[in-house]
Structure formats: C-alpha cells, structure tokens
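Look for chain A in each of the two complexes below; its partner is chain B in the first and chain C in the second.
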Partner chain A sequence: MAKIELINVSKRFGKTTALKNVTLEIQDKEFFVLFGPAGAGKTTILNNIAGIQIPEEGMVRIGDEVVNQVDPADRNVAMVFENYALYPHMTVYDNIASPLRSPRYKKFKDNKAQNEAYIKEAVHKVAAMMKIDKLLERLPSQLSNGQRQRVALGRALVREPNVFLMDEPLAHLDAKLRNAMRSELKEMQTAFGTTSIYVTHDFMEAMSLANRIAVINLGEIIQVGTSDEIYYMPRNEFVAQLMGDPEINLLECTLVREDGSSLCWAECPEQLIPMPKHEELEERTEGMEQIHVGLRPQNVHYHFEKVPGAFTGNVYSFETIGNKSVLTVQVGDQHLRVIAPNGLPVKLDQEIFVTMEIDRAIFFDAGTTEYIGRFDEAAVKELVAEQAKEA
Partner chain B sequence: MANLTIKNLFKRYDNVGKKTKTVNDYAVNDLCLTCNDGEFVALLGPSGCGKTTTLRMIAGLEEITKGDIYIGETRINDLHPKDRHIGLAFEDYAMYPPLTVYDNIAFNLRAKGVAKGEIDGRVRDIAKLMHCEELLDMMPVKLSGGQKQRVNIARAIVRRPEILLMDEPLSHLDGKMRQSMRVEIKRLHIEINCTSVYVTHDQLEAMSLADRIAIMDLGVLQQFGTPMEVYDDPVNEFVAAFIGEPPMNILETTVIKDENDFFFTFAESELRILVPARYYSKVRDGFRVKMGVRPMDLYVGGPESKGNPERVAVFENLGDERRIGVRVGEHMMMLITNDETRYRHGDIIRLEVNGEKTHLFDLETGDRIRSDR
Partner chain C sequence: MSPTAKKRLYAVLKNGGLAIYSVFALFPLLWMVILTFKSDAEMLTTTFVFTPTLDNYKQVLFYTDYFRYIKDSVIVAGGAVLVSVLAGVPAAYAFARYEFKNKEKIAFQILSFKFAPEILVVLPLYMIYQKLGLYDSYLGLIWVYQLISMPLIIWVVRGYFEDISVEIEHAAQVDGYNWYQVFLKFLLPLIKPGLVSSALLCFIFAWNSFTFPLLLAGIKIEPITVAATKYLAQSTVHYGQMAVAATISALPSIIFAICIQKHLVRGLSFGAVKG
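For the complex of A and B:
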C-alpha cells in the first residue's frame, strides 16, 4: 500500500519527447486511470513507475522512497497483462501461490513447511476476496474468462504489492467479453485496497473504473479529476471530444448582448439562441465575441415539425448503435449529432428541426479552446464534490 | 448494378493432417443468400465464421468447392476475377506507393484503356464524391488512415462495379475516424446505390450501415434480416448474444410453479421473475431453459415496486448513460438507467423486468423457443 508520486518527470526517446514535466500524485488505495489517445505517453508513465524505464529528469516516488535508482524487482509493483498468462498445468491454487514460492519472495527460506502454511493462508485470503475460493482445485482450462481474470489478479495481489499496474488489460477482448470483464473488474476493485494504476484509451473504461482520471496527450497531463469532473467540466475541447460517444457537438458562435444575451450560431446567423441569465458566465465571457459552444448529442433534440426556436436542417445520416441511434443533422455546413430512438422513420436529406438545451451547454474559449463555464456549473460542482468525497 | 445470388455455397480447405471430415471442415457450409439490386448487406460474425471466405469467393480470389454464385443472370463461378465487374476495398489499402492519389485512382481505368479525357472526368467526380479532391496530388505515404481508406474506396468504385465488396475497411482506423467514415460510407452507398457486401466482425458497424445483416458462425448462416429484426427477434442464442451493446443478459434458469404462476429462478440467487403468460404453454414446473433480456428492458422500480430487492454490485457512470450490475449467481446482470441517480455499491434496488421483452433459448441447441403469439 502506498502513495505514488511523479514529480516533473520527463522522458525522451532519441529526439522525441515522450513525457514532458509530468507531475502526478496518486493517493494510497486509489484506483487511478491514465487515459488518452494512442501515443499519448500513458504506457511510458506506467513503465517509469515499474522501473522498466528510467526518467531523464524528475523523480518517481513510491511511498516515501525515491525509486529512480531502485531495480524493478525491488519496487514491489505487480503488473497484470492483457493475456492472463496463467500456468496451464497448475491448479488455481498453485497459480496464485506461484509468486510466493519464487526464491525471491520466500518468507521462510529454509523451512518448507512453515512457508507452505504461510502460502496456504495467503492464497485462501486472496481467493475469498476474489470470490474464487471454490475453484482452487481447478485447472485454468476449466475456468471461464472472467474466472481466469480473477485468478490472474489474485496472483498479482497475493504478495501484497505496493502498487498494481494494469496496461489495457481488456483492449483485445471482443465487445461482449470486454463489457463483462469491465464490470467484474469494477466489482473487485473495492476488494483490492491496493493502489492501482490503469492505462486505457477507452473512455467507458476510464469513466467506469476510475476514482480519478488523468487525461494525457502528447506526453503532457491535460486534466486530472473524477469522471464527473472531466465529463461535465472538461479542461478544453480536446478533453470534451474524448469523453463521450458519439462525440460532443461544437458550435461556433458569436455572443450578442442586446436585450439580454444570446448566441448567434455561425451556421444560422439570422436566428439567435437566447441564453438564461447567468452573472458569473457573463463575467467570464466579458469582452469576448467569439465562443465555442459544446453540446452533447443527448442535449440536442429533433422535431418533425417546426417548433419555436428550432433550427431547420436535413437528415445527413441515421445510424443504429445498439440500444439507441445517432441521427446526424446537417445545418448549414455543420453536422450535428443527435441521440434518437431506434427505428425512427427518417429518410436521408428530409427536412428536420433541432432544438438545443442551451442550459446544458459547455462554453469554450474560441481562441485557446479552454473551458470557460456552463450554466449549471453550481449543480455540476455539487455532483463532482460528492463523487470526490466518495473516492 | 445487379442482384447477387449465392446458392448452396460450400468451401472446404483441405486441412493437412486432418483425417476425419466433419461438418466443421467446411469454412462455408451451404450458404444461400440473395442481395437485391442496390442493397447494402453486411456479413457479420466472429473471426473464423466464413465471412471473408465468402467475400473472396464472390470476388474470385478463392475457389468454390460447391455451389453457385450469380451476378444478375450470369453465373460467375468460372469467370476471371477481372471480368466479374466487382469493386474491392480491403482493410489494408495496398496503394501503389510511387503513384499519386490521382494516378492510384486512375490506374484501373488506364489498364482498361478508357479514353484519357473520360478518365480525368471520372477520377474528379469520384474524388468529389469521396471528399478527397484536395488529396489528388499527394503521395500515399502522406495520407492519414482515414484518407487512405477514402482513396481506397474511391479506387474501388471508379470502375463503376456492379457489386462493391468491402472487407473490414474501417478496422484500422481509430474510434473517431471510424465513426465519421461510417457516416461517409453510408452516404456514399445512398448516392451511388451500388449493391454492396460488407464484411465486419463489429456488430455496431453492421447495425448502422446495412440494409440487411447476414450473421454467420462456424461457416453456417444463422440469420439474415434487417438490423431491427436481428436485434428484436433473434433466431437463437448466438445471434442474441452477438448483436447489441451492452450485450443481452442471458442466464440459465429453472422455471418453478407457484400457485397459478410460473417464475424464472436462478441458481445461488433469490431473484424470481414472473414468466410472461404467453410462454405458459411452453414451460412447466422444473423446466430448465436460458432466459435472455436486454439491459434496456430491465429497470429500477419506484417506491411502490414489487420487484425483487437486489444489491447493486457495480455502478458504472459512463457520462452519456449509467449502468447497474446486479449479481445473479455467477452472472452479472446489467441494466441501463437514463435518470441521473448515482447508485453506490451495496445499495438495494427493486429490479423490474419488462416481461414482454424476454426471450427463451433451448438449453442444448440455443434455438429460440417462441411463444404462441
């Protein structure tokens, strides 16, 4: 059990900088997710913690100890791999016991009986925690995939590592299995009680599993926060676009301040979008003219008849994505993604109308793409605070 | 443009070292399929199900063991691939690296001896259609994955094929690009209206693109229907489990009779679900069967609910939606909630089931057991 710290860590491979001044503080017992697109530097961070790579600059700390110079084997970190890599000829019991039997970890080096007694206790404890105590006599081939994952995790946990590192453990599973494994992992997570760092590029995994998420891009930390914080108050447009599927809609707008404020959307300048009164947001946008308005697909609504305030567009595409569908509506040159029920009777290019829940919108600076605010920020902050307290 | 008809198609690879011939020796086993003129058909299934083999037989890249393939009225079994009037777009783009995008697209037309002026017109038309006009002077190495796939498809359709065949064209692209290319392919299909066969292992791609989906497993066609048909009315457990995200909850259950009602019961769980009356003629006390219900057909009951009290094992807040996992014996039963309530591990919820949306599957064969009405 330990707190992990990275302080101004930089890592270069030849001329490319993989990590730029990364500073992270991961709390004891926290389930921490490193999230970002391919090539962001997520795995490099993990490797630096494990000691597989050593940073050129900065410090890596596990507990109170700076570990830059510590051999990977002495860092007491456990890694879980994508394929569970269980020994096929060993029972579940022996698989879990295997790290404790390795010469490096033998507690009682000369007393085999004492050692086995200790192992027995440790294996049973972990097996109970992972709910595999009834499977100890089975071989891996007699287990379901979920059970195998539990055994692999149990094996990693049995020697009580300081930190548990997982690099995209679900990435190569098919969709059905990935869903199932994710919820299994989520259920077990409370049982871990071990500081865990989990790398993924899948936003659903990040949202679902994390106590906190660090969003990474091009070797830099963009934002650290709880899932609600990152989803509702993304630091910039890049983060907003990563969180959510289908992707958030971003509208280029001009602020109009006559007779109360409203928005003028570039695709449809003759029709203003009135905004609710919000002093703080007005303050933050003072002097700004251009603004980007982020609207999640579930906050845009379609209508077959022209309702007040609706924009006129055409159906660009209609896609079923399982339990719901995505309707893409073209207004001017922009494609708006809208959530719709399955089997909606629409024809391509037919006329359709959309309205926007502007009070659910996220405002971004048109120049820097940084977060400005949202109308329901107070309510969202309450949610975030509650989630942070739980974590 | 033409129909594509596949009649009793078989493919067997002569496996070295295999002595016995079983049903499973066939990579494609007695496949019958008709794609109507202008239709977009997806061949969907896990790896090894025979979908790519089928596509390759249509293209003429693979020998046919038995059976016939017709394009329009013409039997094409013995036609040379180049005479089949087929456009191909594969997962790997295989462009000619020393040629510009323009020359890559024009290549096949030149090979066929189309007049120079006409080539130029057709290349530019296709480039416009595929939104890759600005790429025409670039070399393939300079293109992103999405751009390469655009060019790849442009090259396949410039010859005005009667059938367009695509094999996992989006699987190399990242999530975002895949999403936008999917929309583009769908648009393109509507604009050129070319009979298309699209191979994928991704049910979401098949659902969103296809007019009809042919779901295959182990070389055998399982079901052929519109996306909503295969989603709402699967013929067996395989199709039910393969289509839909998150997947359908499918659990083994024992039916018990309690007074005049039947209930689904589950091993190592208190959960009891009322069997809908429409199944009463199919079940009896002690009947063992698999029950399937989609996560969106389960919901959390209000304070008045008489649903089973269940403990929340997992609560996933995914931003766009929220999912609850409930332990039913060995299984994790998932449901989707659209309200904003945050549940916690250990909370008790009243689990309600939309009985009309439950499916039954035979324990042995996995075949759907249908109700009388």
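For the complex of A and C:
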C-alpha cells in the first residue's frame, strides 16, 4: 500500500522516445487507469514502475522511497502481464504459488512445511475467487486464454504488494466474463485497498473502473482526471475522440459575431446555429474565427420532418451496435453520428433532419485542437467536485 | 483393388522397406559384434558359423591400456561438453536477449566454425599447439573440441531462449526472484530439452572425433578413436581386437542415442514453449 510517483520520467529505446517527461502522482489506495491508444507508452510506464525498465531520466518513487536503483524483486509490486507470462512448465497451482515461494516474499522463511501450508490456503482462496479452483493441476498450455488470464491475475492477487500493476488484464476475456471480472476487480480493489494501476485501451473499462484516468499518447500524459472530467472536459480533440463510442462528432465551424463583440452565432455547414449568451466563452474565443464543435452522438437528434433550426442532410449509413444503432447523416460535407434505436426505418440517401444540443457541445480551438470550453462547464465542475468529496 | 487390399499392400510395402533399411543400417554393427567373438584363425575363413571365443575381449580389456583410452575419451569429450555448456548457454542467452553491434555476424561466425573440414584446419592448429604447449594435453583437446560442440549448443539453445517470452523473466523478477534464481528456476527447465539433446549430440560428436585427437594428441593422451588404430599392427592385423575396441567405444554413443532418441528429435525440432 503506497503512493506512487513518477517525476519527469523519460525512457528511450535507441532513438525512439517511449516516454517524454512523464509526471504522475498516484494516491495511496487509488485505482488509477492509464488509458491511450496502442503504442502510447502505457506498458512502458508500468514497466518503469515495476523496475523491469529503468528510466533514462527522472525519478520513480514508491511510498517515500526512490526506487530507480531497486531491483524488481525488491519493489514489492505485483504485475499482470498482457500476454499472461505464465510459467509454461508449472501447473496453475505452482504458478500462483510462485511469489509466495520466492526468497523475497516467503512468509515463513525457515519453515518449509508451514510455508507450504500457508501457500495452499492462499492459493485455494485466490483460485476460488478467480473461479479456477478446478484447474489447479493443469499446465498453462491446457487452459483457454480467459483461464490463463485469470491465473495471471491470481498470481498477482495472492500477494500483498505495494501496488498492483495490471496490463490489459481483461483484454482477452469474452464479453460476459469481462463484465463480470470488471466489477469483481473493482470490488476486490476496494476490499484490499491496494493501490492499483491499470492499463487499458477500452474507454468503458477505464471509465467504470477508475478513480482517476491518465490519458496518454505518444509517450506523453495528455490529461489526468476523473472519468467525468475527462469525458465532459477533454483537454483536446484527441482525448474527446478516444473517450466515447460512437466517436464524438467534430464540426468545423466559423464564429459569426453579432452586435460587435458578443458571441452568438456559429456558422456550421452553411447554416447558422444560435448559441446562448455566455460571457466566459465569449472571452475565451475572442479573436477566433474557426472553432471545432464537439458533439457527442447522444446530443444530436434526428427528425424525419423539418423542425425549426434543423439541418437538412442525407442518411449516409446505418449500423446496429448491440442495443442501439448509429445513424450517420451527411450534412454538407460533414458526417454526423447520431444514436438511434434499432430497426429505425431509414433508407440510404434518404433526406433527414438533425438538431444539435449546442448547450451540451464542447468547443475546441481549430488550430491547436485544445479545449476551449462548454456552456455547462460550471455544472460539470460542480459534479466533479462533489464526486471528489464523496471519495 | 479394394481399399482394404490397398491398405494391406501399403503396410506390406512399408514394413518391407523398413526391414530392408534396418538390415542395411544394422548389419555393419552386427558384423562388428560377430567379429569380436571370432579367433584370428577363423577371422577370414568363416562367416556366421564359428566357435565363439572371448579371447579378443580378454586381450583388449586386460592386456592393453584400454581403460586408459576410455578415460581419456571421457575426459576430453565430457570436458568439451561441459565447457561448451558453461560458456555456450550464457552466450546463447546474450544472442537471444540482447541487442549488440554485429550480433548476427558474430552468431554466424560461430556457426561457421563448423563449416571448415577438420583436416583443413588441423595442420595450422598443430603448429600453433606445438608452440603454445597445448599439444597432447587435455586442455588442448577440450579447446579444439569447442569447434565441434560450441556452435551447436549456442544455436540450439539460442532458439530456445528466443521462444521464451521475455515477460516470463520479468514476471519471475516481479515475483521476487533475483536473476540467478530466475535462470535456474524458470529458464533452465524451459531450455532443458534443447540443452540436453544438443549437449548429448555434442558429446557423441566429440567422442567420435578422430582427426583432431589423431594429430593434436596421441602420445600421453589417446582417446579411444585414435587408440583403436593401434590394433592395426605393423605386420598383423588383429581384426577381432579392433572390433572389440570399436564395439565398446561405440557403446556410449549408442546407449545415449537410444536413451534420448525421443527427446533428441523433439529437443532439436520443437521450441521451448509449446502451447
């Protein structure tokens, strides 16, 4: 149980830079998620915390101790590897027992029988939790991927480490098991109260598990915050696009100002969208001509008949994704994704009308793609503050 | 032809072929063993019908330095394999895990030691050994045998290390084992099939080696392959005694080969992590 800190950590492999000046502070007992696309450097961060890799620059601290020079074996971290990294020549039982048999983490250093008795109890407890208690005599090669993943989790959970490092531990499970394990993991973490760092590229996993999320891209931390902070106030368009499925709609708009200074109209595809008056936003967009308006698909609505303020478009595609469908509407030369119920009677290229909840939109700088603001920013901030108070 | 008849014909042909091959493969051995039981008088006059005698065995085992030759063979072949394993396994690990300059070139260079015919390199080596004082010494033979055994061990074991995902090492480290414990407890069991089969193969190669010991040793140290030629005396040839020497010296190779036959094929053809 400990606080983890990375201070200005940089890691290079030959000429490629895997991490650039990463600074992170993970609180004791926190469930912290590292989220980002493939190759972002998430696993490298875990490896640097575990001591498998040593950063070229910067400091890694576990608790109050600088561990740059400490061997992985002495850092007291437990790690779940993405490819499981089970020992192929050992049974499931021996795999899970391995940390408890190691010279470093043995409970009873002088009494082998006592140690084995303790191991037996611990392994069975974990195996029952992971629902692999019937597989203890098998070799990893005789297991399915989902079972292997649970063995790998079991091997980490059997210990009482400073921190759990989990590298996409649910990636290879089938959907049903993944959901079950997700809630179980969260529960376990709350029960154990062990600091956990969890790597994923699945935003649902990130949002549902995390106390806080760090979004990473190309070896840099883009944003750190709670799920809601990141979802409602993404630092830039990249984060906005990563969080949410179907992806956020980004419309290129020109700001049209009326009455001299006040921001009130935005010219989206050849039509003006009236915007509520908002002084702070007006200030932040001062002098800007082009902005990008981010609208989540659930904040765009389709209509079969012309309603006031609606944009006219054509049905571009209609895909069903489970319990809902994504309707893509072409408006001008832009595509808008809209959430629709399954079985909506639409034909391709059919004329359709869309309205946008502009008060739920997120505005981005068209040049830098950085976050500008949103109309209900105050409400979002209040929500986040309230959550922080609860936690 | 009905399918059953076809199957039967196939079985007959297959087994017939195997039978012919086994005669072809085993007859020389059998012939050698038969020779060991013949007296010199019957050597050239009889084929399968003769009066068996153990004289040749007595002569070879009790009246010559046979056991000294065997001892020499064991020391040089065993020593060579031991050195190859001790130096080759870490080298193989380095080739598998680390990136360094000219890695593939060095690896190929090591393999290329096996390319040159022994007879081609043995004469310069003879001169060098004379100068260095390695001639006719255990150390000298063990050293030169590295040409035979080291490349094989490095290349086979390297493949095994490459098959073990590096995360397994990391996992073991995180589990609380230091590097040596990781190696002994997690890596060694995984490379064992390859290591054992290549080491045994090396032992057989080193044991059977003739050119190197013939020219680089032979006075104080005489491995059995070289010593066996002694039975070709100046005027007489004791075929029976030679056959005894050859038969007994072939025994270790044959016994090893039979014992590890299964593992040999698997060890050299499969990777470390089957799954």
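Keep in mind that, in the parts below, the second predicted complex is superposed on the first by the 303 of 391 C-alpha atoms of A that agree within 3 Å, B and C clash if a C-alpha of one lies under 4 Å from a C-alpha of the other, contacts with A are read in each partner's own complex, and residues count from 1 in each chain.
Methods note: a contact is a pair of C-beta atoms (placed from the backbone, for glycine too) under 8 Å apart; a residue touches a chain by one contact, two chains touch by 3 or more.
All values reported here derive from a predicted model rather than from experimental measurement.
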With the two complexes superposed on chain A, say which partner A:Q27 touches: chain B (first), chain C (second), both, or neither.
neither
Counting residues of chain A in contact, which comes out ahead: chain B or chain C?
B
Which superposed partner A:N115 touches (first chain B, second chain C, both, neither)
neither
Going by the contact rule set out at the top, does A:Y231 touch chain B (first), chain C (second), both, or neither?
first
Should A:V77 be classified as contacting the first partner (chain B), the second (chain C), both, or neither?
second
A:S10 in the overlay: touching chain B, chain C, both, or neither? Say first, second, both or neither.
neither
First (chain B), second (chain C), both or neither touched by A:Q330
neither
Could you say whether A:G322 touches chain B, chain C, both of them, or neither, answering first, second, both or neither?
first
So which bits of chain A does chain B touch that chain C touches too?
none
Per the contact definition, I'd like the list of chain A residues that touch chain B in the complex.
37-38, 144, 174-176, 179-180, 182-184, 186-187, 190, 203-204, 207-208, 227-228, 231, 241, 243-247, 296-298, 316-317, 319-323, 326, 328, 335, 342-343, 348, 383, 386-387, 390
Help me check something: in the complex, which residues belonging to chain B touch chain A?
46, 174-176, 179, 182-183, 186-187, 190, 201-204, 207-209, 227-228, 231, 241-242, 244-247, 294-296, 313-314, 316-320, 323, 325, 327, 330, 332, 334, 336, 342, 344-345
Which residues, counting only chain C, touch chain A once they are in their complex?
165, 167-168, 170-178, 181, 186, 189-190, 272-275
Complex interface listing, chain A residues touching chain C
47, 50-52, 71-73, 75, 77-79, 81-83, 85-89, 98-99, 102-105, 140-141, 155
